[in-house]
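Pasting the structures here.
First subunit A sits with subunit B, and in the next complex the same chain sits with subunit C.
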Partner chain A sequence: MIKTVSHGLFFMARKAINRFFSMFSRVKEKVIGVDKRIVVISMRKRSFRDRRKRLKQERIREQAEKKLEQRVGEVSVAEELEVNINYITKTLGDSGDLITRCFTVQATPDRKAAVMYIDGMADVRIVDQFVLSPAMTGIEILRTKGNLMELLQESFIQSGEVKVTSKMKQLIEALLYGDTLFFLDGENKGIIVGTKGWDQRGVDEPKTAAVIRGPREGFTENLRTNSALIRRRLQDPDLRLKSLTVGERTKTHLSLLYIEGVTDQAVVQEMEKRIDQISIDGVLESGYIEEMIQDNMWSPFPLIQNTERPDAVVAHLLEGKVALLVDGTPHVLIAPAVFAQFYYSPEDYYERYLVSSFLRFLRLGSLVIALLLPALYIAFVSFHSEMIPVKMAIAMAAGRAGVPFPSIVEGLVMEISVEVLREASTRLPGPIGPTIGIVGALVIGEAAVSAQLVSPLMVIVVGLTTISSYANPNYNAAISLRLLRFPLMIAAATLGLYGVMLLLLLIILHLVKLRSFGVPYMAPIAPLRWSDLKDSLVRVPWPFMKKRPKIFRPQDEKRQQGGDDSI
Partner chain B sequence: MTLFVRRSIIILLIISILFLPGCWDREELNTLAIITAIGIDILPNNDVEISVQEIIPQSNIENGGNGTGGKKTLVQSGVGKTIFDAKQDLQEKLGRSLFWGHAEVIIFGKRLAEKGIQEEIDFLSRFPEIRMRAKLYVIDDPKKVLEASPITENYSVRPLDASTRLGTQAMIDLNRTIQMLVGKSGAFFLPWLKISETSQIPYIEGGAVFKQDRLIEQISGREFRALLWINDKLEAAVLSVPLQNKEVGVKIYGSKTKLKPQIKNGKWRMLVEIKGEDDIYLNETGIGKDPEFTKVAGKAVEKEIQKQLIQTVSKLQKKNVDAFGFADAFHQTYPHEWHRVDWKDIFPRLEVVIKPQIKLRRTGMTDEPVGIPTESKKKVKGRHFFCYDLQSITC
Partner chain C sequence: MSQLQPEGTITPYQGYALLVTTVIGVEVVVFPRFLSREAGPDGIWIMLISGLITTFLVYLMTRLCQQFPQQSITQFVPRILGSKHSPRLGRLLSAPLMLLLLISWLGIVAMITRSFGEVMVSAVLVETPIEFIMGTLCAIGAIVTSNRPEILARYAEFLLPFLYPPILLILFAVIQEGDWLNLLPLFQVNWHQVFKGLLHSLATFGGIKVILIFMAFYQQPQRAMHSHISAMVIIMIGYLGTFLSALSIFGKDEIVHLLWPTLEVVKQIRIPGGILERVESAVLVVWMVAVFTSITAMLGASVQLIISAFRLKEHYRKWIALGGAAIVYFVGILPTTVNQLLQWSYRFGLLDVGIALALPLLLFGVLKIRGGKGAIEQDEQPPV
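On to the complex of A and B.
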């Protein structure tokens, strides 16, 4: 009797635990088929709430499409020039930056034509010199209606990118992306001339992830410039670039980059599938996409890496990952990502292996400090006075003698004020930022100590913690650790070291459970991949890294001569 | 119940785990009375008095860094029928809660030691906040040590730690005391303290030998060293050895003692083997770097050790106190014979053989004694000549 009851309790508990942990992730991996390397990642059965949300989204999308249908739809280009011009002008709502130039081809009165482009988006110089000028002056002969269109397209419009279409929707999309439209009276077709040429920022040194040794080029806001920066470093015919568009209204262009024959096709398919499911009106930065395609949106840890460095993107592509370029932002997404790679700098691979291995140890140390130091301080001061060495305990007691608050309040006040200072100094205009930071940190810290609001040791703890969190080369990973510091401090103040350990265990459980596009987040440590440990806490010299990391399941594992050997 | 409600209940429960059980035993460092030393003594009316040395937390900022910023420690006492009562009395007198975790030193008064410290040791071994590594000492008046304020130190018991680190003295901690107390011989020993008049620094003057829990004999520093030596507690010792009516100063280090009990034809015998190395620090004899000298000096050192150790052993044999751990050694080697005899009868008549094996390692920076003209100079000249010869051959 007791046995059956205890059995029942056990199963209930196991079920509850399973359910609890499955809350945190919505992706399950299944290995099917004969080829075990193909991993199909299927979405977990969505809950009722998710289904309702999806239905609503679908309804909204249908409505938006219907609206677009009404406005543009499958309207074809009319033969009359006036009708076409009027239609486009009306569709754009008589927009002020839409420029329409009507003229007659080669001074032939019955050959009316029109050029339309958006001011600022199209390069006016190209429009004038290579579209308008040849059409207006260059044509010597020909009066047949049919041939003129072909001739224009083939010979007279001097542009590399010319396309003829009769679909109004396509024309308007091209117009809005900076191209110039060419209409000829009596033709039910329009010519799209590639004249994209808006003002843009030049290739500049990246503001984040600065390196001492390594290329200084960073991505810009222009998608094509960015893809060119990658192409220039990776002149491989197998580099694939898939163009996608996301955003009902912004029509943001994306480029999905991977190397065919290296990257796991399952990841590429999954990525395309997830991007396909996005339906949003606007995408202004890659962060939108990142949040919508990542495996677990509730996790504080970033599951997709972003970088401003083309060299880093190429390195990741060569490891068998997928890069996603988003138009309008210099931050390129890289997936799948593992926890460890957020603590690597591109420089680790350029600098000599001893130096970079040392730096990685240093970063690990700073990770531990950034996460744990305030919590440990609070735990030791509040609960475990016997664990502090005698002389230090006396000094600490002396430092805290006049402080009116318990250590948790002291810690929270200091940590929050540092966060405020950090936030303020990033928002302040350029030259003032660091000044305010120094003034704030020094003056407030010193004043707080002499006013006996905080103990001197707490100032040291907070300072060390803040600096340590900046030793991380990836900003978003550093922020997530800074966030986790606060619950750890509260756990330390309530349960002491026991609480810290409890929460750390929870965090580790969560980390081990996480997956990014089917790759375990803690790989190559959990699950352990011995061969991939070559590039983990230490980086072995390049001659020893003959294979690509196995955790990303590359199709071609060989990286160097001899890499196809068993080890 | 929808999934959302269920999830939020689970999350609420997890959060409440964090807040419900915690905090009740939270005690901030600055609300504690940090104690560095405990003194236990008995009053004339048989009440137990417990005194503690409490640190007054002062930071350098407050007293302007001018070293002499007033008293650094405070001595408070509590009196009670037993040590537990005394502790409670003390706690009530103090505003802050006592924190015993940093008490490194426990000092017993002579009067209490003579009466017996079983009750106190029992309390100390039960009380979870006391460290098992706390060191135990005996002195006439423990309060004097606690009240002493050496100028060079933050608190008075700090230098005790340093002297044991030199290796010429050994600390006896609570754990070791309990072990010795429950051992077969039922005797143990503690260092005896004295306070230096000039510097107010307490130091180990000698030893106190206990039988069961009572102080039996106060022994001198040399005897205490012998006791430590046989107990394999000594790492280094400085000896002045007579040789040809002059003195040779040596420092013995890395000393290891092994007890080898033997029973032959019903005769009980204890062989004490001491192995170690020594350096010469002082040489009055005038004999230089002679191979014979190392032999002679080695013999003299061994003889001196034998003499000192045997003295102490026979002194304690007369008192019938086995503080050397011989009883345990015999019990472990001869368990059957052990049960047939009474150790009290055996120990006073036990034959103890001390067998030191000390290797002379270094004679110092000079070969011959500085400032003593002897015939050995000739030898030195000869050696130089020899060296010269050797060089010419190799060239």
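On to the complex of A and C.
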């Protein structure tokens, strides 16, 4: 529904713009003083011109791409060292951080060699100790005769990751990814030495989705560290890791992880297909990918989960989902996702079942409060005051007596100021953040009430709502509910409980319609699956969850021995 | 190459949810008055009998649809009535039947919408014009019914659990205020009263024939019988509970003076702990869910009927839904008084149950006379 509306809006906007421009051209024609028929002809001409312009633009783009291809694509390594160095230096535009070290190979003094790497991207110690040092001094003791290039590659460059290629494009891509290039005069090949090693943040406790019991490791910005964190927890030969690259300029590396034999292959294929279709210049965070591959662009609800916790990723992989690691961000995407899983914490599975079931009920309660409490307050105060107990109603009336605004204004002002406070304290540097909280609490809580701008109960309602919206392990799910709160408040102010209910029915329709990679978003509640309800609001003890959840269509259903029987 | 999970068909549990949410609707708040006026405490067993009758009708319709799995009513009725040589004859003969179905559904939905508006205006939103309430309800109904039947089924499935809590509340009211003596004396009615009571209680079961439409989308039509019969049992329990509580609290003489007896029952509830002073607004909200699901199921069935009858493309669905909702709105504002409205809804309910009785009997009769000729094609259907 949102989709159709926004489509409609988009269409209307486009139409309006078109009309605007056509009006313009018509005016021009009128000024010149030609009759209507010519206007029509000129309009037709205009569309023709548009088409020509478009074609021209396309041609230019194609040529640019071709040029780029020509610049690096087909070029192969030359035999002369100087040519290669010059070519790479020119391609990178004399970049200041490109280090080129030329030296003479002592075994054959007439042959020069060069090492090229980008300062800060490559690990200088590895380059010095295991590439430069053996090549410069080790070769002196060389007695055997043979192909120097092969010898170098086989015995002297002491690195695990070595690749010989004659394609300039590959060489430059490797250089930009932190590898070191080795050229030898007289050889039309270059050696790529794996020396990636830039400064990075260490494995740290994740800032989001904190747990009391459970591993403290979180992902980092490095793709390989992240995949290693997962591999260490999941030493399964069936774990598949597909490498992909997205972003025409950033060349961001992605890793698609899944367990073969557990994950539904259709989801993997669909994921690859959708990633293939992305054509964007840069990907800086997994959020780019998330928005481009999710099923419904217009939904306020997140359709793909993200997490910073390797243990959570492993748990999802074991349930038959797919994880997507993006280089440069600690947030890993998990798909398909259902609504309920945004309210689960990894800790639910580490803590005993009673505790975690209780916590899940608590989260459901906080969800309802975060979504509905302000709307219900407004509806009760403006329409259904008979529902409030008499004594409380009197107290409330006393509190509201001096307030000059209707409850909806009061509510919106308070909610928006709390949102502003929240945003301010998120963006401010650490030590100042809490200060904002105190100032906000004082100003909004105390002063606003004593100045009779808002009623004391409204402050309680807003406070409860804000706290409840944080009692949710996933930030992006919480924020979508916080957004929906405002239309609900407006509905409550216009139609009372009836309005709230109407809007809720629409939201439920939207939720029921949503799908994430083929999985209905409200599963396992609608469509109902009894066996999957064991891990929903109540988490039953582990011995009873012998099978993986069916909603994700795992190929191998068994999770524990004895999973054949129907419990 | 494997495929992503498709949109899916209607599961047996969804069939159950659809039937329950469709039948339980606006009538819940009114019917104790009529039943008590016609039959007094004997309404208890009259209700039971009419429940059994409708269960039998549901059984008939389910059997009928089971003979034509994955076929909608617009496909198999012409096949039964017409012959192979002239398919047009079958379609011509089935046209009035389809029209009758359509009229009864749209009529019921219109009456539901109006009654809902009346209750809302009289109980909660006193100053809001009824046209506005009906308009918003129709608009939202159109949005919901512009979706495929599978989604409507999932919608009903999701909303069904919200209908259960009021049963507890009503039980609560009975414990607090009820008097068992009000249920007596039984068996004081004559045949005329029994008949009229039966008609009134039968009319409350309007909507059962949506299964004629939705069964075309069932995953396993063979398993539909179980879910439909259990749905009817649940509905019967719900209705009986409502009637018993209203009767035990007010007695047969007082009940006839109450406009919305069930609402009055709820008003009797005092929640211990004093969190809420009165719960009728909250119950009205839940009741709204019940009403809304009835509207969406029947409007959705009408939309699907039109779509499959004229073999329209999918993108026409939203316009048909919109048109249907508009008809519902304008028929809904026609009755001038609440009394007239209740008369009309009674007649539409009876028409609905009447069709539900006549249609399967007629079709089964034709099938029998023609020696199962119409159903021959079912062998071509792949086994499900």
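Throughout what follows, the second predicted complex is superposed on the first by the 488 of 567 C-alpha atoms of A that agree within 3 Å, B and C clash if a C-alpha of one lies under 4 Å from a C-alpha of the other, contacts with A are read in each partner's own complex, and residues count from 1 in each chain.
The rule is simple: a contact is a pair of C-beta atoms (placed from the backbone, for glycine too) under 8 Å apart; a residue touches a chain by one contact, two chains touch by 3 or more.
No experiment lies behind these values; they were computed from the predicted model shown.
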Could you look at A:S407 and tell me whether it touches subunit B, subunit C, both or neither (first, second, both, neither)? first
Thinking of the overlay built on chain A, is A:L497 touched by subunit B (first), by subunit C (second), by both, or by neither? second
Could you look at A:H331 and tell me whether it touches subunit B, subunit C, both or neither (first, second, both, neither)? neither
Between subunit B and subunit C, whom does A:F383 touch in the aligned arrangement: first, second, both, or neither? both
Just subunit B (first), just subunit C (second), both, or neither: which does A:K546 touch? neither
Which partner does A:R482 reach: the first (subunit B), the second (subunit C), both, or neither? neither
Superposition-derived comparison: subunit B or subunit C, residues of subunit A touched: C
Which holds for A:L505: it touches subunit B only (first), subunit C only (second), both, or neither? second
Which subunit A residues lie in the overlap of the subunit B contact set and the subunit C contact set? 383, 386, 388, 390-391, 393, 495-496, 499
Where on subunit B is subunit A touching in the complex? 2-4, 7, 10, 18-19, 21-23, 25-30, 32, 34, 36, 55, 57-59, 61-62, 99, 101-102, 104, 129, 131, 154
Show me the residue ranges of subunit A that touch subunit B in the complex, using the header's touch definition. 20, 23, 47-49, 380-383, 385-386, 388, 390-391, 393-401, 403, 406-407, 456, 490-491, 493-496, 499
Subunit C residues touching subunit A in their complex are 1-6, 8, 11, 13-14, 120, 124-125, 128, 133, 136-137, 140, 143-144, 147, 151, 154-155, 157-159, 274-279, 281-282, 284-285, 288-289, 292, 318
Subunit C-facing residues of subunit A, complex: 1, 4, 264-267, 269-270, 383-384, 386-393, 495-502, 505-506, 508-509, 511-513, 515, 517-520, 522, 525-528, 553
